[in-house]
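Please go over the structures that come below.
Both complexes shown next keep subunit A, but they swap its partner, so subunit B is in the first and subunit C is in the second.
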Partner chain A sequence: MDVKKKKVLNSYHVVFLVQNIMIGMGLLSLNHTLSAVGYGQWWFPLLFGVVANITLIPMIWISLQYQDDDLFDIHEKLLGKWIGKLINTLLIVYAVIIFAAVIQKYLDLIQVSVLSDRTIMGHLIIFLLLAIFIIKGGIKSLARFCILTFFVTGWMVYYLKWGIADGEITHLLPLFNFNKLEFFDAFKNGYTAMVGYELIMVYFPYIIKPYKAFKHATIGIWNTIFFYISVTFVGTMYFSEWQLEHLLFPVLKLFQAVDLSFIEQIDTFALTIWVFLMLTTVGGYLWMAKKGMDSVRNKNSQFHIYVAAVLVFIVINLPFPMFLAKLYETIFLISFGVILWPILLIAIHSVRKMKKGVVR
Partner chain B sequence: MKIWKRKKRIVVGSKEKSVSPEQTTSKESDVEKETAKNPSPEQTPLKKSNSEDATSDKSNSEEAIAKKSSSEQTTSKKPSQKQITSKEPSSEHTTLKLPSPKQATLKLPSPTRKSPMRLTLKNIPLESIKSELTDIDDAIFKEFQTKQGLVTIVYFSSLIESLLLHKTVVTPLVNDAEKAFETFDNIEQRNMQVILSSISNGDTILYYHEKQKFVKAKTYSPPQRAITSSENESTVIGPQDAFTESLATNLSLIKRRIQQPGLKNKDQTIGKETNTKISVLYIDHIVNNENLKLINERLDKLTYEGFFDITILKQLIEDNPYSVFPQFLLTSKPDAAVQFLLDGRIVIAMENSQSVLVLPVSFFEMFTSTEDFYNRWTTTSLLRTIRFLGFFITIMLTPLYISVLSYHSGVLPFELLIIIQESRSKVPFPPVIEVLFIELVIEVLREAGSRMPTKIGQTIGIVGGIVIGTAAVEAGLVSNILIVLVAISALLSFSLPNFLMSNASRVIRYIFILAAGLFGLLGQFIAFAWLFNHLLNLTSLGSPYMTPVIPRAWSDMYNSIIRFPLSFIKKRSRLSRSKQVKKASK
Partner chain C sequence: MRILPTLLVSTLCIFLSGCSQQNENPSVENLGMISVMAFDYIDQDKMKMSVIMPQPASEAKKHTQLYTVETDLIQAGLVDVSSKSDKTASLRQLRVILFSEEFAKTGKMVELVLELYRDTNVRSNIYLGVVKDSAEEFLIAEYPDKPNTSTYINSVFQPKQYTYFSPFITLHDFIYDETNPVLTAIVPYLSLKDNLIHIEGIAVFKNGNMSHVFSSQKGKNIQVLRGQKRLSILAITLNQDASKSEKVVLEFIKSKVKVTSNHNFESPKVMISLKYKGKLSEYKGEKNLENKKELATLEKQVNKLVEEEIRELIEKCQELSIEPMGLFESFRMHYKGDWTPEQTTELMAKAVFEIEVDTTIATTGILK
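Up next, the complex of A and B:
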């Protein structure tokens, strides 16, 4: 029943969608990606939050101009049918590759640390099936899943307590002990963890209260920042600079510090529960790819979900590991472009509007 | 005198007929006035064959029966009719003179009447009913000679208690037949089908030969079970009475708890062959009309053969029939049904079913029991927490054993790992096989226990206990620790108040076991994600199944895992979307 209605997303749905699509693999390696600035990294998420909030403004603004259209429709309206469709196709590719990048990174990690004697093929298929299963229920299904994900995974913040206890508080100062290059390096690598909120342009027409979307998305972003900053804060205290630089997934190491009498290696649990966070992230992009195909082919079809999933499967199984690694690295740089893209759209929009005004 | 009057009419009618037999049907007015019936079905038999006798004029649906009965009708009539229609009206007088005087006067007018519909009212002959009820040995025909002439009563003796029949039908009939005739119900649509179906519903049909009229008396009184306490949903505190298999009893159990005219019950008959009665109950000023409309639509669409229990109906009208989870609640306790009615839910009761259906319900309500409201709020909160967590523990515990031992042995502290490894040092199977084996044995035990006669049932417990508890471990088939885990999860699965939900939990556990066997903890959490997604997408009568968690409703939180004191629960649940959200709570 929910699938058929157009406006389905309530305020809290938006909050959790924004938040949970953002949190994913980025959080696991956040300390590492920010390691270029050393101990000064712990306040970086605050900076990210501000930047994300600023870049959110053009997204919401352009979406508000076309309230019933998603990003793909806006492209076709602003850029004409053919250029629009071309860009939409590129966006589909973008969504598929981000999907593949995220999932491969995660499954590789699983292979290394949890299921060491397995290939990723089995998990990959099941994972894809589950993502399809979630997205088949539409965006609201994903939004609900996001809410549950928050409650299933959010409590893991508690495990950072041991990190604080073992950490060294003096690591937190000084704040600005880095140069310009290091700053840009850290920013470039670290901001990949923030990617995900640009999807609001795709599910914007489904939001019941579009004028409040900015507020709710902001809450979502700052929720994310809370988790990020707690991780960087504890990480900075707990790790040495050398560790920050050389540990690929420091959060797991933080979890290993947990000391309970009946259980060890909390990181195994954390990593496997992380599957929820991965599903929400991946689900968002799968949905984006589906919507893109809908708009390019001018018809809504559940079949597109399968197509997108198969594409992901193919990308992951491409026999060019070096190329793929490069691709995954660059796709996140492209995502910065996608985040900034609405600014260009606004420019086109205003130019067209001015022209129309002149004609009138 | 009467006879003469009739004769006159016949003559008039026959004249008209002689002019144009087809047109006449629309013309005759005085005849139709008496029995307003639509003329359309009557025309067809006229055109088909000229021989319309008393029974052939029933509406289309009854034609089949009518044919049979007409053929068996007094043989003397048929030839006469043919004569009338084929020949001149004068020949009709000959028919009037025909056989035994009493019958002839009553029956003969019929063939010549232009409005066959009128005749249906009076002239369904008893013989045709008799012929329909041949080979039904408990169909009783009894004749009584009263002041009103001969009266025949027809009933199924197996559906009617003889004492009741005597009190309600026979005694008044013998004492004052005239009064009895007035007090008994008229059969409004007097056609064969109605009469037959009311006989098979347990009514007694009275046929007044002189008036040629049928009346019926409601005498349905099949043997019934007494009201006992519920065996499946036993409670310690609170009323102990439970529903029985009789719809009337169940309705009275509910109605005596809600004594106001706002409580409606709409009866309906479903089941193509069984004609089972159901009753849809709701409180008019509380229930959500959309819900009511939705359930009525679903009930109207039903074309199922037969209903023996309300669970069949439940499966047919559920939102997602493929799901493992029950989406409507079954309860056999009237106090539970009443509690849901007051919340604005709809309750469906069915004849021959000792539980009623409550809809819509949420996932969480599967973990609640009526006793929760009789206990102190603190006790209830504790019990609900145990049940709710129990559900998740019961599906996760044994799979955890598998994934820890097969894939992630580092998760356990060294001492614990040693204990477990020691206990399964003799076991030659991988943990998945071990767990599957013991879970299946438990399942078989449970199934055998519930199928066995109760006297032998105890043996099963002892045999099962010894075989599994000691022998299997000593033989080295399973480990001690696993026995403990399996026992805990089995116990927890039975602690759920809802039997269907506890069944569902056991089915799901196997999915988790297989997932854990395949992918360890990752598999378990993927299965968990699947479970949550499935639950999130389920609806109960169009309302989300996972309320109040998602979509959140803060007012519902007062009555969730922690049940607040009663005065805190000021609103009806969001799920029922009732017309009056606020309720009196002080």
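Up next, the complex of A and C:
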């Protein structure tokens, strides 16, 4: 496929890439992560959408200044070769750990609910191979897989119908029944579900129409918000506050309410289909790790995909479960830093521009 | 020449899988799919767990297999059942769980239901029921005119028009009611009469313990106040004491309830407006139904009676300090802070209720 060619991403590719890298494990536990604010959680995705949209502006702006460079190149140009490479290395580590965190969480869930008598090792290897297979085709392959994923999984929103029928619309009020601390807690935990759109800085140089990228990424973000708000809305109606707080994966319980005459256990079905969403999410980060290695080693090589995958495998199999749990928790907080990072880059860019007149 | 190694590897993968150990995962034939579970109380630590699974083999004389074990934990009980039966017991096809009245009254039911809610093999749309006397009896009893026990018990719990007074509470509903501070949980109450299962009414819970059983007529009103739109038949007798008693049966009733409140916590007032619509399917009395005026009088009489019934129900609930109807949701909707069950009880005790019933009889049949 178009591995060698530079500009490969059409407008719809951007929309689906943004949207499907974001949707992943976060959606399964969204009601739970937002439970600090109780029933008030249903409108939170709207807030997230606005915040994501605002934080998207600096990302696109800095990328537009360096249209042919991805985030890693920008680092080297702005911060110098060595500091740039150091930060790029950190970003590789970041991508690998996010990959590991997401996949570990998903495989644990699969083990608990679907394949309770097997260890995760077998699935892990198959999963990694699939992710490698997708990324070997380049970013366009991932984008195409995102489109496929959307059509394979998007229709599951229909299954929320049963939750609406059994739910109480009165739960939507009161809207602001929380204090500052609860709000902050819910925002911090819930916003992890939004992480993923910052990758646009990595695949930006591949976009055919960079000046329209903001618009397309915005559409992607708001598509995600549509799915998120459907789930929080129905979850608020269907569950009591206690359930929101204590159920780790409320979406699965929502799917258990589905009552069809020809098929049972929709939740198992949904959970296995969810693998598509997981693959798109981790695919994005695998691509990021690969590009990072390319830039650090100054060499474009498909081999880096394997290296990244092996690193993920090693991280997951590290014999320090407590450390890993803490690491997975912290990595999403670091991702907030990555989302805000372009603001700093813009500052450096402006300072250098003022000093030199021209940057390049 | 890449195709050769690929072929080789895939062939090996397919054939080598035959060498894997067989006892890893039981196949469908070796699974005993439990369809109904029943729990009886023995003492604080022990319970009697009875399960039935359908017997698919046509050679067997009975189509239901019954196992009873004494256990303290569900999973430990399942291991016991598996060792007794020739199959591995699985909860994946569980449909109905029955609890004995004694079990529900000792507060262990909530604990057990929570345990099942945690289990990912158990669906949350399983129906729950509390039964009079022994729950095991329901599974032991012979139902000669039914295909098999599990199908029968399962179909009793499927909502049907004539049993709409029963709430048909699922695992999720029960947990929802139990953890919702505005509500107290309800569960259908069943008994065994002449080898048939009979839905007698509604068992209401208080602080996790079963506290009272309402009749099916009261159960109907609870359902209406909870917002149930379709109702079973409404059969009422007007002027019960007088010699000229009238009997009215309204069918295919649609109900609409609207609960509003004054949001005043000091002197709470709840306005309940009920709208019934139905067709008159049976009438015993002296009114001429052709006459619009007399029909209107009949409607008014029905209104009054329903209002009295609901008032009686609410008074009973106040007396028992339970709130199975969720009437104070509109208070919670405008309340800032965490709502507690105590607030509901407090409001229930001092609230004033204004009840307004409006019945419309759409048709009176084709006889004059």
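Just so we're on the same page, the second predicted complex is superposed on the first by the 356 of 360 C-alpha atoms of A that agree within 3 Å, B and C clash if a C-alpha of one lies under 4 Å from a C-alpha of the other, contacts with A are read in each partner's own complex, and residues count from 1 in each chain.
Please note the rule applied: a residue touches a chain if its C-beta (ideal position, glycine included) is under 8 Å from a C-beta of that chain, and two chains touch if they have at least 3 such contacts.
Values in this document were obtained by computation on a predicted structure and should not be read as measured data.
Applying the stated contact rule after C-alpha superposition, one finds that A:K253 touches subunit C and leaves subunit B untouched. By the document's definition of touching, of the two partners only subunit C reaches A:T170; subunit B does not.
After overlaying the two complexes on the shared chain, residue contacts for A:H123 are found with subunit B alone; subunit C is out of touch. When the two structures are aligned on the shared chain, A:F239 is found in touch with subunit C, with no touch to subunit B. Once the two complexes are laid over each other on the shared chain, residue contacts for A:F145 go to subunit B alone; subunit C is not touched. Residue contacts after overlaying the shared chain place A:S11 against neither subunit B nor subunit C.
Of the two partner chains placed by the overlay, only subunit B lies in contact with A:V275; subunit C stays clear of it. Of the two partner chains, subunit B and subunit C are each touched by A:Q265. Once the two structures are superposed, subunit B and subunit C can be ranked by residues of subunit A touched, with B on top.
In the superposition on chain A, no contact is made by A:Q111 with either subunit B or subunit C.
Subunit A residues in contact with subunit B (one complex) as well as with subunit C (other complex) are 264-265. Against subunit A, in their complex, subunit C makes its touches with residues 24-25, 92, 120-121, 123-125, 172-173, 175-176, 179-180, 329-330, 333-338.
Those residues of subunit B lying in contact with subunit A across their complex are 407-408, 410-413, 416, 518-526, 528-530, 532-533, 536-537, 539, 542, 546, 549-552. Residue ranges of subunit A in contact with subunit C, taken from their complex: 38, 112-113, 116-117, 166, 168, 170, 173-174, 176-177, 239-243, 252-253, 256-257, 259, 264-265. Residues of subunit A touching subunit B in their complex: 1, 10, 12, 110, 114-115, 118, 122-123, 126-127, 130, 133-134, 137, 141, 144-145, 147-148, 152, 261-265, 268-269, 272-273, 275-276, 279.
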